[in-house]
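There are two complexes below, and they share subunit A, which is joined by subunit B in the first and by subunit C in the second.
Here is the complex of A and B:
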């Protein structure tokens, strides 16, 4: 436990160092070679762009994050719910698992024309897309977690006279938590990506919409500014769930 | 080290008490005294496909009795326990009686406190919450169950450790938490499956003495599986030696050593005589199972 802290802070130091080096190289290349902004604008120009467009970008980021978060929440609920249902009623496994796999054999974005048609250009279609993408990942990881339960621990609970629900609540779900949360953590970044991509295909706002508009206006500094903001939002969402994960899984 | 100190300190009063009181044999200890057995198995057989794990197993356990079961590895001891714990149904034809009533194995679920070989503590629960797992399943409010467990902690050498998590405990302490969980699930019959098998010799010896103390205080009936003949004699009122697979009772040996038993008893002539009898019986069965394993190997 005590050894994990210094090594992780060392990892953070290295990560920061790497990022700083990358930014310096980027800045040096862009300025030194006088690259035009449609090839690669300098980092300082991008940051200045973020600052000057802060009202537009923060509104867009709020829009995208709303879609991503609501879709994410829905997706997690559906994924966990399906996995629990399969565990409680094993007959469902042969029905749900092939259907879920078939639906997800196509990249989720492939469904976007249909989803936009059904749910409109507004936020709902993005939430549905995010939920679809997130639910499958969370479903598979939760199912793997629930299946990992120790047979002997189940027998012990049964010998105490515990029923299926009690075993689910006291044993199976906590056992599944590490994998469930890992699936949730991976899905954070996916949820923001899917929201942005769907916005590019048709939306009234959001970072994807800003990027799309900026490309049409040949304003590449703004494209990059939006990408920076999206990346920051994504990373903080990822970090937040990661933090939550470490808090919950204190015994790992 | 810390845990040993706890046990030794805790043992002192009971040692003094043992010296003061004269040695009294436990009435329920002798099978003759039992009018009505708590548990009775007649002609119990269990097969898994082509493999017969138990064949015509016969045994009865009187209320308050401490019965130990020894046998060569793979002789069906665990199958026996799974049946008595209610986890597995024996083949049709055998008779299973609990508290005088004939029953299915499944009827025993929730009526026997079972402790498997592994402690199976839940890593996300601290010592107290692991100990109250069975009480919680029974529907006792958590606060009440915790209060009950807290009172029991010192007796299990766990005082001050209630907030610790399993990964912070030594093997001996984890085993005691598991035992406490079993004790808190108050049932007349306790099934202990090699509870001390994974412990080092010193810790194991202390745990055995401690278990006898606790048993004498709570007067539960115990059926105890072990590999260790010394342990079987030291703890038991009666030792059942099982045959090689398919398992049945080869020898039923009453241990008429006085209680409370001191650690030195293992060198007493009566103890050594019992041990020789049991070892001979086990040796014979071990050879059989070894030979049949070799024969199987050759057949392949």
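Here is the complex of A and C:
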């Protein structure tokens, strides 16, 4: 945690300094060497591009975020549900775990052509893709968390007559929560990226579609503008879930 | 750090599921693997027949294999091309990740300045980055390798740093008191301690580099698994699509298994797994 979210003020200052230096170098390089925009547009040009295309970009970002959020929610539900099911009925483990691993053997982006054929090029195919990518990560981290429970604590609760459900609810889920939420936090960035990748193969709108169109029109300021917006969207989604995580895990 | 460390945890579980149990003798392992594959193949073939699943959703395995056998050249060429892109990107990303991890460990100021930028760089959708890389490097093997590199270096950096930080300071003090140089400290204590963490990241990176290579090929190329996937999608040829998916699965699991085997040889002392 310490490296990603530096806590001391010195670390924050250095982080800001690094970002400022990067922007200055970028701007200086692009302006000083008169780099053509297809090589590297200046940061100021990109920000101007974001502002001038704000209507288009915000609509596209909304479209992509809708796909990412719905898919993310679905994926989390499926992932957590499967992990809980396996913990409640250990018999399922021998079926679900190999199946999940086999499905995951293909890199998830490999499925996007197939999913596009099955679900069409509307929003549904992107939601399915995001859900697939998210559910696997959340499933594995939830399972790791649920399995981490101290055997003796389970035995203790059982000796007081607690059933499986109450052990799950009062012991296993709270124990699993840190890992589960960490898995959910990692998945946020992935969900936006997967939505954008799938949009590129075929969509009616969204950031991926904007990027692809801009590439075809050789409008690289717009490519970079869309990248900036996508990056900002991912970061705010990441920050939101991170904030939720700190609220829920108040004891950490 | 938060991104990488959880990813490694996740990856650990994936490995536990993927790897056959620690049975004595590689023959038993192979037999179990083959048995598992055979059962999967039978289930696939059987359920398609039994439930009458339309080939548009899931074709019979035998039909897919027959289609692959009919044009082995395209699949073989694609497989080798994607393999080359994956390997180059993986090697470059792994080496860069370890070196930068060491540099970040040694120079705290550098790390605090650059690490946040690395984190932000990972939120750039690879597809957008890919468009630029293809423009910079042309539609070459190198461009795809660069995309694979971009996806690979971050988890390796994070876990190298994480591993180096787990080194017991008392051991460092002990070695220093015997007059160990910085280099000896690094090679004999710090890197070996970090190695298990680095390998967790390398296993994750093996899958990610394949993703990078496949996505890179979507920007236009003539050979590669990604190209096969796209062509099959445009012609709505589901059988060919599944054939390309099988090739990707073979490449992905094969590469993963090689990295995991290297890990078992090099990190023989690790109690994990």
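Some points to look at:
Assume the second predicted complex is superposed on the first by the 240 of 252 C-alpha atoms of A that agree within 3 Å, B and C clash if a C-alpha of one lies under 4 Å from a C-alpha of the other, contacts with A are read in each partner's own complex, and residues count from 1 in each chain.
FYI, a residue touches a chain if its C-beta (ideal position, glycine included) is under 8 Å from a C-beta of that chain, and two chains touch if they have at least 3 such contacts.
Please read these numbers as outputs of a predicted model, since none were measured by experiment.
After superposition on subunit A, the partners subunit B and subunit C are seen to fit next to each other with no clash. Touch criterion met: A:235 reaches subunit C, while subunit B stays clear of it.
More residues of subunit A lie in contact with C than with the other chain of the pair subunit B and subunit C. Applying the stated contact rule after C-alpha superposition, one finds that A:111 touches subunit C and leaves subunit B untouched. Legend: residue contacts after superposition of the two complexes on their common chain; A:157 is shown touching subunit B, with no touch to subunit C. After the superposition on chain A, the angle subunit B-subunit A-subunit C between C-alpha centres rounds to 90°, nearest 10. Of the two partner chains, subunit B is the only one that A:171 touches; subunit C does not reach it. Legend: residue contacts after superposition of the two complexes on their common chain; A:68 is shown touching neither subunit B nor subunit C. Once chain A of one complex is fitted onto chain A of the other, the partner contacts of A:76 are absent, as it touches neither subunit B nor subunit C. When the two structures are aligned on the shared chain, A:179 is found in touch with subunit C, with no touch to subunit B.
Put simply, subunit B and subunit C get as close as 21 Å, counting only Cα atoms, in the superposed view. With the contact threshold set out at the top, not one residue of subunit A is in contact with subunit B in one structure and with subunit C in the other. Partner subunit A is touched in their complex by these residues of subunit B: 82, 85-87, 109-114, 116, 118, 120, 122-124, 133-134, 136-138, 165-167, 185. Within the complex formed with subunit A, the subunit C residues making contact are 1-3, 6-7, 9-10, 12-14, 17-18, 36, 40, 56-57, 109, 111-117, 119-120, 122-129, 131-132, 135-136, 158, 161, 207, 210-211, 214-215, 218, 225, 229-230, 232-233, 236, 238, 241-242, 244-245, 248-249, 252-253.
Residues 1-6, 10-11, 14-15, 17-19, 21-22, 38-39, 97-98, 100-102, 104-111, 113-114, 116-118, 137, 140-141, 143-144, 179, 182-183, 185-186, 189, 192-193, 196-197, 200-201, 207-208, 211-212, 215, 220, 223, 226-227, 230-231, 234-235, 238, 242 of subunit A are the ones touching subunit C in the complex. On the subunit A side of its complex with subunit B, the touching residues are 150, 152-153, 155-162, 166, 170-171, 174, 177, 250-251.
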